[in-house]
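Note that the chains take the letters A, B, C and D in the order they are written out, and that residue 1 is the start of every chain.
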């Protein structure tokens, strides 16, 4: 099982974190699959903690017994969707998008609009590997995957 | 066991999060006790993820089999101390202090300098219960405790 | 005239920036005096851009022909009070408090509640000189002034 | 003169703010032209306050007698380039990109890499009009201009 752990030296217990970003109700099924597959590979799923793609990815991860982190834009923990284990309440609005992708050892984009584009920009700026699950933003030089399975495989392969 | 869980409705699995803030090498022993006691009560320990008080609180929590979240100021997960389970990489410098206290259902201050004062201010601004473990900043109207045991008891009692 | 200009080398045109922080309707008169006095000394007044103390300080500065910067927590320039010349729209909520004090070469606190305490903490953390106009938060080791005149004199004398 | 002023009601003195974003030494000449043209139209030029495109846009604005705001990622005012009139020191790293575009009534992108892509994403998320000066990022649905003159004309025409 080729799960790479960036901090293997720590009791073998610290998980790879993968950020799942995006939006759009039409993408929830695929986001849920991404979350589930990541959890099956032992990865913690990091999202923005709210609805649609964020909720679906977390729901998928929990269904597979995984762990989820939600990095919220507002000031209330209660804003987190119900599949968030660990809620980080930032209070910094859209600027929390930086924290979402920075907290991923890799990033998978599922659907998404302008906030997602900002996240992809930040992820690339910080050198995080990014995979765009098709359809999605067209960003030159960024890896693309045609299925949740391929997106997860590719993201894990790109881990530093 | 009077642990209050703000999201008991969620499978009984989502933990109360308590932020432990502060700094100062001379406070690490008491910070470690605070972390341990919180973990024994089922609370997740949230810190700024770096050294001294932050590391000691996380170390104490892990020694008691607890869970830890580190909310880092920089852009690298590797900056987290070795007792952090879930690393949130914010990239926003001292502004991450807001996220640390906002992510706590309650906040315990152990020692600390000006950054800690900023955190106490933010915690009060957001309505988070704050307990200052003596000695520590003098802030009017804020609860004080004379031992780690009292600090944890008081913080849990003040939970919303 | 002992106005120190941190960037005098630049055409003599770049002004000292002084952040005026605080809140409370009962402090507006003194905040307005602080803003006026700062403008008379050639300083640009930096505030959080909203009401009460923030608006009063900017109003005072404009009455004396000065220049004002408002660093807003929200996402809309329209939130700025009408005495703001240059609106900085941060979108990061209370975390913009860090930017307010960091943008001051010195900081004067007029009244204020918990948000102001967070700002004082951040200002001290960043090494900015801070003057608290009485009455106000009691913070050990921070200079205090009993009148707007004294506060401005002291702040300018403490400039790096 | 078709300069639209979002706050004309305020003594006619509050200027339109246009954010100029981007990077790349090969784009400085065109960035300088953009800054100059904006200043000639009465607009304040907002940038990230550092080098290359940011410095060139500010330099152009100052050469035309304009006003400049630099929104810095670090904690020191001294980091601002020498053409910045008003330095906003955020301390929040790349998250300051959000503040740069949010502070523009319109946004013009000149060259740029991943940080610029994040800014474009945020600008669109916040509903700010964006013009990309060619060559530059390809973002579906975003206006493009082939010269600094066209970019400035188009940005001003798109003002809300």
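Going forward, a contact is a pair of C-beta atoms (placed from the backbone, for glycine too) under 8 Å apart; a residue touches a chain by one contact, two chains touch by 3 or more.
What you see is a predicted model; the values in this text were computed from it and never measured.
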Angle, in degrees to the nearest 5, of the Cα rotation that carries chain A onto chain B: 180
Interface numbering overlap (same over half, different under half) for chain B and chain C: same
Whole-Å gap separating chain C and chain D, where each centre is the average of the chain's CA atoms: 25
Separation of mean Cα positions, chain C and chain B [Å, integer]: 31
Intercentroid distance (Cα basis), chain C paired with chain A, Å: 40
Overlap residues in chain B, where contacts from two or more other chains coincide: 75, 91-95, 98, 126
Touching residues on chain C, where the partner in the complex is chain D: 6-7, 10, 13-14, 17, 44, 67, 69, 71, 75, 77-78, 82, 84-92, 95, 98-99, 102-103, 105, 126
Chain C-facing residues of chain B, complex: 92-95, 98, 113-122, 124-126, 138-140
Chain D-facing residues of chain B, complex: 75, 91-95
